[in-house]
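Would you mind keeping the following structure in view while I ask a few things?
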Amino acid sequence: MIEFRGVTKAYDNTTAGVHDATFTVHRGEFLFLVGQTGAGKSTLMKLLLKEMEPDSGVIRVAGRDLSEITHKKVPYYRRNLGVVFQDFKLLPNRTVYDNVAYALQVTGASRKQIRRQVPDILRLTGLSTKLHNYPHQLSGGEQQRVSVARAFVNHPPLLLADEPTGNLDPDTTIGIMQLLYRINKAGTTVVVATHDEGMVNRMRRRVIELQGGQIVRDEVAGGYGRDSESTAEFGALMRGEPSPTPQRLRQPSEADLFDDAFAD
Amino acid sequence: MIEFRGVTKAYDNTTAGVHDATFTVHRGEFLFLVGQTGAGKSTLMKLLLKEMEPDSGVIRVAGRDLSEITHKKVPYYRRNLGVVFQDFKLLPNRTVYDNVAYALQVTGASRKQIRRQVPDILRLTGLSTKLHNYPHQLSGGEQQRVSVARAFVNHPPLLLADEPTGNLDPDTTIGIMQLLYRINKAGTTVVVATHDEGMVNRMRRRVIELQGGQIVRDEVAGGYGRDSESTAEFGALMRGEPSPTPQRLRQPSEADLFDDAFAD
Amino acid sequence: MNRVSFFFKEALRSIGRNPIPSFAALMAVLITVLVLGVFIPAVQLANGAADDVRSRVQVSVFMDKKATKADVARVEQRLQRTEHVKSVKFVSKEQALAEQKKQNPEAYALLGKMNPLPDTFRITPDSAGDTNSLLASLMPKGTSGKGAPFDAAIGEVKASKSETNKIVKITGAVKLSIGALALLLIVASILLISNTIRLSLFSRRREVEVMKLVGATDSFIRWPFVIEGLILGAMGGAVAIAMLALAKVTILSQLEGIATLISRPDMIAFGPLIGLLVLASIGVSAAGSGLSLRRFLRV
Amino acid sequence: MNRVSFFFKEALRSIGRNPIPSFAALMAVLITVLVLGVFIPAVQLANGAADDVRSRVQVSVFMDKKATKADVARVEQRLQRTEHVKSVKFVSKEQALAEQKKQNPEAYALLGKMNPLPDTFRITPDSAGDTNSLLASLMPKGTSGKGAPFDAAIGEVKASKSETNKIVKITGAVKLSIGALALLLIVASILLISNTIRLSLFSRRREVEVMKLVGATDSFIRWPFVIEGLILGAMGGAVAIAMLALAKVTILSQLEGIATLISRPDMIAFGPLIGLLVLASIGVSAAGSGLSLRRFLRV
């Protein structure tokens, strides 16, 4: 799905950026990107989004070399990516509902489709009571959830989330991660940049660690088979509770669709 | 230092906000404000900063009723508060250095004073190499650290920090918390709003928990005497390591002034 | 269709949510249309006045003293068909004498019943600038190369030259400078409106950046802005025109006297003028919005 | 002092970091000064031209046929001291006859050596509007209530009334409408500049909010903006004046002929005019910045 080969991006004559990054992410994988502040995680995301061009090296997404996408085609490429931005990047003059709907409107989705999908994702992210608020009328965590909802509403094949839980409390964090997990189980490739060590450790997924722009660790955490847990089990795992096997007896598919963590 | 009596602030006809909050923070205390997303933590901070007025109730800071401060006097009041904003609120057209210097310039500080204090605090927050970057040229965590530096540079008697470590990796988080701790030890009253449960638990300070705008918990965590640890001990505590008593033999005051966690 | 209505809704929402930039753009259009709406008729009025002053230049055709009634009738017919002639006024020798007597009683008292004055045609040329060609056609050059009146019954052809050249030049200068001003003003107006639009878009550049990042195409972003410019331009134009119409009714009707003083105002009608202004303001606003956006779309 | 230099540095930095709003504000000032700089002299030129046309209205004082040289000298002296008299031109009876002979050779041929014409003074009034009061002072009302010439040696006093009223009215209308336009344009300019400034401040309202939150007083925030407006106004004014000066040198010198045609241009000198324009543009910009900020300071 994603292929970086010798990608280097240095910000004007500094050492900051990304240096000679080479890695591959397969379709359907779940990848954590970790590293200290300023390590280059967001830079990597920006390169993937073609917000800027690498100084050297090749980036391929779904087999396509990003440098070959013309300026006119960039919007169509971006529609295949759901992105949760570290600074949310909400449209300040739109309500929560309209912010999320906008991601569908750009694709030319019908009004019917929008009316069906947007309330769904807003309920899932626990924003049902804030539909008509403007971003400046939301708490930090609520803004972050809007950003998450907007990234998900499209059901994109590739999902980039930059620090998606930095402003969220532990319960909501688990809810969001469960959502990511469920999306990943449905076939979406997910890349999450995060500082939350606890979460990374508990999730036991593949981790790429950056340090000063260089990849210093790339490990597929073994021991735990992928796609083997239900969302509820996964949530328990996140909470550090013992495996909630009994819960599996209650319809697990239901638990997958609706999630207590978001019931405000 | 801070006294809330029956303070209520509801956002236009909703239940969101703060409801009937009553508590007192003494001079030199270190207080954690916790609660889920949307619980009202930032609202409380905004009320303290006189960014908005409560619907009812009285807020006193340093014995002064905030409602009695006239519009003209507000700037002078705010200079006594160092604030780390959840969304950083950096000035987009100023470099890191100038952003921090601005907080001193408004007070009419001399150029000499600025040239002495600003580099100091930037070194302490690990931003020495980013002096001349503009906010949009910083990573999320670096922006947050600039916000922290700006709040501290004044040595204000009261420090409000809204989610000061949300975008920081664990090491930097510990560094910032050590800095807060040191500042608190020097007599400054510190209020920190945070989601980081681990940190709150490890710090064992007073915690006020909000839920839907109401104070549901206010406990002075006992068992641990205040001001009893050195910063290095405190750091170890945060990391969850055993008490680093041996380190106390090496000059603890030095460790208080300079901190490895920020040496980039 | 769905998409068009979406763009329209977006434009309206944007106007509602950004009152200051919208108001500023509207004000710019309004002021500009207002200034132009007052300026253009005023220029035409001034031009008309200048023309009117110039038209006071007359050509006199003095008949021969011995000319018969038939001669006079023939010459009059011929004059009326001549190019550049706007009007011909016949002054008989008796009328001429009466006029002169009134002006110079002493001088003419001596003449008694004698009348030294000929029958005269006073001709007003189409415009002062045509005086010379009119003179040329009234006095065609013969084989000798010297001009002679076209009819033997004509004694002399004369233009009141003394002040003519000066008046023609002065009024010409007035017309020229006023025309240049109108042009300058129109260019300045367009620059100012597009300036305002660029500025109001600048205040929304972050918004455009975010739109691009979530996959909006350039045209998807641009259309609402163009429609917004269109709506604001139309609104600004409409208000300006309402103000102009009000001014026309209340003030101009009082100045009617002055306007009718000028024989050939040759003014554009109020209707077409405002139509033109509205179209111009809408066009400038819409094009301004669309084009100014270009630089913010490079994300 | 320290603080003043800080404000200046802030203003310069802000201009450097916000090129689009700064450029827009500068453009607005530049265009406005340019338009006014062309418009004001043009208005004065047009006014001068109108006055010049009006000044062609003359008053003739015909001496009595029997007036002696002494009478003529006395009347001339008196005329020169009369109010509203701009110039007095003496035309002797011989000159008058020669003039008339050239105009009406046939009529005067019959008179032979006889001269029916009196000595005449042709008086140009200060302005056409003063004609009536001039007439009144030349013909003071006696006890009978009827006006009579102030000197017995005067035969008659007459104004060339025929076209006077019309020309006076028309040129009056031209002056009026042009003056009104100048006023309208000045008001519009001020509105547009302050509009632009408000807009460019709007794009920085978040910045002002943050400044307030970290404890900056209103005046601490406002001064750099005022100085910025001052600098931008000065720059825009300077560029506009450079362009005007260039235009004056290249274009106006070619039109010299037209300007000298008008006897009393009564124009403001180039120096004071530009001084005024610069001051105005700087003032408007600085005041605009300072005042517009007010609404963003309520945090």
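We just call them A, B, C and D in the order they show up, numbering each chain from 1.
Just so it is clear, a residue touches a chain if its C-beta (ideal position, glycine included) is under 8 Å from a C-beta of that chain, and two chains touch if they have at least 3 such contacts.
Quantities reported herein were computed from a predicted structural model and do not represent experimental measurements.
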item: Labels of chains that are neighbours to subunit A and to subunit B; value: none
item: Label of the chain whose CA centroid is most distant from the centroid of subunit B; value: C
item: Inter-centroid spacing, subunit D versus subunit A (mean Cα positions, whole Å); value: 70
item: Subunit B-subunit D separation of Cα centroids, rounded to whole Å; value: 65
item: Distance between the centres, which are taken as Cα means, of subunit D and subunit C, whole angstrom; value: 22
item: Overlap residues in subunit D, where contacts from two or more other chains coincide; value: none
item: Touching two or more other chains - residue numbers and ranges from subunit B; value: none
item: Chain contact graph, described as a line, ring, star, complete graph or other shape; value: ring
item: Interchain contacts (touch definition) - all pairs; value: A-B, A-C, B-D, C-D
item: In the complex, subunit D residues that touch subunit B; value: 2-3, 6, 13-14, 17-18, 206-207, 210-218, 220, 299
item: Complex contacts: residues of subunit C adjacent to subunit D; value: 20-21, 24, 27-28, 31-32, 34-35, 38-39, 42, 45-46, 49-50, 52-53, 56, 62, 65, 100, 104, 106-111, 114, 116-118, 155, 163, 166-167, 169-174, 176-178, 180-181, 184-185, 188, 191-192, 195-196, 198-200, 202-203, 255, 257-258, 261-262
item: Partner subunit B, residues of subunit A touching it in the complex; value: 11, 34-39, 41-42, 86-87, 137, 139-142, 145, 162-163, 166-173, 195, 197-198
item: Of all residues in subunit A, those that touch subunit C in their complex; value: 49, 51, 72, 74-76, 78-79, 81, 83, 85, 89-93, 102-103, 105-108, 110-111, 150
